[in-house]
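See structure below.
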Amino acid sequence: MLINCVVYRQGLKVADIDVAAISDHLVLPDTFVWVALRDASDDELSALQHEFGLHELAVEDARHGHQRPKIEEYGDMVFTVMHLVEYGPTDEPRIGEVAIFVGPNYVISVRNRSTQGFLGVRERCEREPYLLKQGAGFVFYALMDAVVDRYFPFVDALETELEAIEEQIFEPGSARPNIQQLYGLKRRLTLLRHAVVPLMDAAGKLYGGRVPQVCSHSGEYFRDVYDHLQRINGTLDSLRDTIGTAIQVNLSMVTIEESETTKRLAAWAGIFAVATAFVGIWGMNFEHMPELKWTYGYPVALAVIAGVCSLMYWRFRKSGWL
Amino acid sequence: MLINCVVYRQGLKVADIDVAAISDHLVLPDTFVWVALRDASDDELSALQHEFGLHELAVEDARHGHQRPKIEEYGDMVFTVMHLVEYGPTDEPRIGEVAIFVGPNYVISVRNRSTQGFLGVRERCEREPYLLKQGAGFVFYALMDAVVDRYFPFVDALETELEAIEEQIFEPGSARPNIQQLYGLKRRLTLLRHAVVPLMDAAGKLYGGRVPQVCSHSGEYFRDVYDHLQRINGTLDSLRDTIGTAIQVNLSMVTIEESETTKRLAAWAGIFAVATAFVGIWGMNFEHMPELKWTYGYPVALAVIAGVCSLMYWRFRKSGWL
Amino acid sequence: MLINCVVYRQGLKVADIDVAAISDHLVLPDTFVWVALRDASDDELSALQHEFGLHELAVEDARHGHQRPKIEEYGDMVFTVMHLVEYGPTDEPRIGEVAIFVGPNYVISVRNRSTQGFLGVRERCEREPYLLKQGAGFVFYALMDAVVDRYFPFVDALETELEAIEEQIFEPGSARPNIQQLYGLKRRLTLLRHAVVPLMDAAGKLYGGRVPQVCSHSGEYFRDVYDHLQRINGTLDSLRDTIGTAIQVNLSMVTIEESETTKRLAAWAGIFAVATAFVGIWGMNFEHMPELKWTYGYPVALAVIAGVCSLMYWRFRKSGWL
Amino acid sequence: MLINCVVYRQGLKVADIDVAAISDHLVLPDTFVWVALRDASDDELSALQHEFGLHELAVEDARHGHQRPKIEEYGDMVFTVMHLVEYGPTDEPRIGEVAIFVGPNYVISVRNRSTQGFLGVRERCEREPYLLKQGAGFVFYALMDAVVDRYFPFVDALETELEAIEEQIFEPGSARPNIQQLYGLKRRLTLLRHAVVPLMDAAGKLYGGRVPQVCSHSGEYFRDVYDHLQRINGTLDSLRDTIGTAIQVNLSMVTIEESETTKRLAAWAGIFAVATAFVGIWGMNFEHMPELKWTYGYPVALAVIAGVCSLMYWRFRKSGWL
Amino acid sequence: MLINCVVYRQGLKVADIDVAAISDHLVLPDTFVWVALRDASDDELSALQHEFGLHELAVEDARHGHQRPKIEEYGDMVFTVMHLVEYGPTDEPRIGEVAIFVGPNYVISVRNRSTQGFLGVRERCEREPYLLKQGAGFVFYALMDAVVDRYFPFVDALETELEAIEEQIFEPGSARPNIQQLYGLKRRLTLLRHAVVPLMDAAGKLYGGRVPQVCSHSGEYFRDVYDHLQRINGTLDSLRDTIGTAIQVNLSMVTIEESETTKRLAAWAGIFAVATAFVGIWGMNFEHMPELKWTYGYPVALAVIAGVCSLMYWRFRKSGWL
């Protein structure tokens, strides 16, 4: 579905045009076309391929989707795939995709399986004609920056969630929900890493030494994007490390709790075993057991048992078993 | 066993020829020969070595098989070994091998221990003469692409299986089958990694700066294959990571379950130990135990025991031990 | 908030000047301006951006804060972000930030969320005019050196704390506090690593082959800073490794202790079970149990029970179960 | 001990000569000398050092032994140390060493602490004069190839052993032998890795860009050796990974088994505790316990106890505890 | 404290001189001065700094000590810090330090916190004037070689200790001392790694492509040192790996032992519980229990109990629980 197709000259919007009219404008100097599509049909992609002379392999990648994030050069065209992360209806993050074709005088963005558009990017660009004047490369940067900026809330959410788990990791009895949440966190983290890491590796080639022609005037902007990606990546790395440690620590805590339960069980079992042994003694049927005949034999026996049990209780307490 | 041996000129099939006639066609311009063998005998390989002047070491690798995936240059010939993965009769993945010799005007593929052929590749190539015109390099790409594409279903199968395990990882009592399945998954993953990782490392040298002469016109196609391999590799890496975490989490879950069992055991043992101690008291043979003479002594005693046990049950319930 | 804004010529302080007067001094030879701000307002930053012609992206980074440590070149200006670590009111380390702009004839430091200033650095520089003569690059080094030097006490504190934990890691019963402290240590370590590692990576580019113009005369000084960062990083790495091992060892110790508790429990339970079985025997109601009639039956029975229990106790002792 | 010392010209054996006569032959064109020693004495090494002008440090390495595998250039001489792995009398792998000096017209191999010689290599070389014609570099390749080929059976043995362990890793009760075997496997693996990894790193420099002069004509052969080393290394890496996982899985299996034992124990203990509590009730000495007077009181009581225990048994069975 | 200060010409000792006289000799051709200090005072260092024109930062590093091992170039001077490892009075390894300044015609070694000197190195050098003729670079090598050679006994000690632990790792009951020793071993290993790894990284730059001028004639000697460091590093790496596995295996062994204890406990507890249940039955007070009246009721009862218990014992034995 075509969202819009606009011609810009010297950083200023000229007109909304039809796809078929694109080739008329591409020949003009200081002009570029910015086309935005969503869940593009085969026909639309074929039309664009024909208008802009796009490479077959790039178009196929945009058509099939489910690519890993990447930045590839085809002659003077740069083809980029980025992942879009957004919350699905079940509050579980979901991966969409945007494919971007950037040529000397055109930018085409094809969004798939995502509800969030880039209209805001276009509006902000149009408000800053002195920057938009840089051409297609700047639009490319603006789109990339927008995609990357949308990763931050997800990273923050992961951090907040991990902190919530960390607060209760040493609480007795919370081992099972902790481990489940940590595992879920790890999965969401992996999702985000798949979006960020390959893109970061690729973005490092958009500034510095040899860069694609179309990006050569916006080096400092692409470095800024790369820097953001590095920041996200650093946070994800340390989240990953912390989740790993938290799982390990959680296992330790369960074992420690278990050990304490075992100790306590040992202590109580011991106290009752002693009481049972004592009452057993006085339950024996020997004829000559003088204490059985005493008037206060019974209360004395109870007192003895209570005393011994109390003594054991006191000792176990002191040695920390109870 | 020779499957077929065909001459192509300008991207179009000329004729099926005999192996002995190959050298006659190799001298013609814009012509190349595409030979396909399966479980080739020593004689067949020697004949080809003689016809095409193949390097002894490469032929030996094709003869012995059981190589790691690799891409090697011998002068202007490129020698490639790739693993073929397919399900054996017991539903266990099995590794076959294909060795490919690519020269300026010939492609030889030698398939070993595998039931799946490359006839489909040949047919698709013959339907696209404008691509096949690129020569032996394009055939090389087409074969490589076909091999790599066949890895995807195996990766998907691993992912599906892991998801199935993940769904029951927090189910009580499923620890033993989980750990067995995770271990089996890890083995199959290793098999696939052995096929993918060395090939990916090698394929990275088929596009970009200095590439073998025969691949120089198809750089973007080889980059596409490399990209697929990277995608598979990324998925395998994260599968490996997730399996590791899952094994760790599984151990935690077992320990947690065990801990709960121990707690419950402690609680019930405690309740019965108290009951046993009480009945023991009234089983003692002291002469002066007034309650034994009471008319309702027995039911009162039973009531006391039941009461104490109920109290304990209630307290254990409250503290989550039962 | 502006802290101070001073002009230096030939390494000597000329005058405290107003921000608006900066551009008048920048044109003079052998002169540079050193401006220090704290929690700068948007207006102050905009004024400086205008005076010095700073790049928009760098100013934005200084404005927003919460950057990762980095060193970036914008033309002949070097922009640096470093983390400042200091203890917050709750004795928990807290991260502040300083952004530094270094140009051919100016240095601007913008400190955020930190209570510790750099007045000491300025004073020491002014006491060494023969070094300060090197210009803005040396001031940059002096600031960086001061920031890095402030990391050392935190690293030392981590080391001391880890040693304290290590001393009690083999003490029975300290598993829970150990694991909690190790986890806390790991978190503080991560905080410090985030400050050090990216800065180290960046600082490695300030000496040797191609370095920013402004740093070219102070290569050996920047190598010294890099060396300090490497030292800190080495220590952090080995702390991280040791914490990991300590967590693992702690888990082992808990399991070992638990195992010993279980053994001891088994032993005592066994002894009492035997006593209970014996008293049960003589509590049976058979008519023909001759020993029940013996005059010394009871004490003999007690002696037998005590003897058997002692024997068991002695054997358990010998085999290390008690 | 000198094994043999032979002069070759144009790939053909000329004569067995004396060490003292070597220098006479070294001056002839297309000629090289191949000397083989075993557990060489200091005098023999000094004589060779004098004849060939070998570098002091290389000779010292060959004399002392216990080097790590390496390939070093001393001027136009290449010095190599490789590990020889063989089974000692106790079926435990044992490490020997071979040091090889390769110059433009000589090859010297000094074997230490190893029973397996290289006579086979010499014989095969002499049977292929068209290859041996390549000179000392080819002999170097042939020796290296022989050493590397001898690693394969050890790798295969490790794989076979691991598979045997894997088959019984999920068998109950095999945890202790498994863990002992896995640990032993890991040790033997480490031994082999020490032989392979440094050699592989070094062998990578014998083909491709800048190689030692003496190896320059046999590049494809050295790449073949490198490829074998890579294959071994890949297998060793994945063995290492699998052993790690197997140890982890083994621990899980022990914990699972233990957990099942605990459950079963809980169940049986519960059943007997109930029985004991019941018999205790009817062992109480209350005067008014009507059921004690019933004619069938005793069998009814036994029936009640048996019934309750059966009920518990049935419930535990159903819930999987027995 | 100055140890000695000697002038060498053409590899031969000329004279012991005073520090103040150094500058007189430095101007002579083919001459170099070798100064050795121990725990140098500030004055001594300042004097040397003045005599040789040493860089302030290097002198400060030598003064403060507690540096990480490193090799730095200051103009044509090479500054090196190496760690000296020696046993302290408590048999615990202790870290000392030696700082070495090497210029075109001088070598200064400053030893700190170490009791072992380098007199032996000086003596050996003086015995080999044909090597010492190479100048300051060779002295540098000789010192470095001496330092590195002193690491070997410590590595060997670690290996011996680990082997001792490995021998008893599968012995029952040795888990606690094992884990303590492994942890201690890991700490000593870390100490040694800190001495070796940074030095190895730095030493790799003393031979091959671009090396400091002063080392350029002794490349093969420095490669030899590098090779030793690599060997130590390789051994340390595999020690580290083995310690990690040993800790893991130790945990498994404890869990296995615990599991066996639990099983045995279950078995004995079961046997006694059955005995107690039986004696309880015949302790019940039913009037109509015919077996109580039998003449041989009591011995038969005892026989029945003994029989049942024996049967259980036999079955538990058979199933491996006892």
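Per-chain numbering from 1; labels A, B, C, D and E assigned in written order.
Criterion: a contact is a pair of C-beta atoms (placed from the backbone, for glycine too) under 8 Å apart; a residue touches a chain by one contact, two chains touch by 3 or more.
From a predicted model like this one, the values you see are computed outputs, not experimental measurements.
Participant: Spelling it out: a chain qualifies if it touches chain B and also touches chain C; which chains qualify?
Facilitator: Chains in contact with chain B as well as chain C: A.
Participant: Given that chain A and chain B are copies and touch, would you call their interface same or different according to whether over half of its residue numbers are shared?
Facilitator: Result for this pair: different.
Participant: Could you tell me the distance, in whole angstrom, between the mean C-alpha positions of chain C and chain E?
Facilitator: 25
Participant: Measuring from the mean C-alpha position of chain B to the mean C-alpha position of chain E, what distance in angstrom results?
Facilitator: From the centre of chain B to the centre of chain E is 40 Å.
Participant: Mark out which residues of chain C touch at least two other chains, giving numbers and ranges.
Facilitator: Those would be 248, 251, 255, 258, 262, 265, 269, 273, 276, 280, 283-285, 289.
Participant: Among line, ring, star, complete and other, which best matches the way these chains touch?
Facilitator: It is a ring, because the chains touch in a row that closes back on itself.
Participant: So if I start at chain C and go to chain E next, what's the full loop of chains?
Facilitator: Order around the closed ring, chain C first, chain E second: C, E, D, B, A.
Participant: What residues of chain E sit close enough to touch chain C in their complex?
Facilitator: Spelled out, the residues of chain E in touch with chain C are 55, 57, 67-68, 70, 72, 74, 173, 175-176, 179-180, 182-183, 186-187, 190, 193-194, 198, 244, 247-248, 250-251, 254-255, 257-258, 261-262, 264-265, 268-269, 272-273, 275-276, 279-280, 282-285, 289, 291-298, 301-302.
Participant: Using the touch rule from the top, collect the residues of chain D that touch chain B in their complex.
Facilitator: Listed in rising order, the residues of chain D that touch chain B are 169-170, 220-221, 223-224, 227, 230-231, 234, 238, 241-242, 245-246, 248-249, 251-253, 255-256, 258-259, 262-263, 265-266, 269-270, 273-274, 276-277, 280-281, 283-289, 320.
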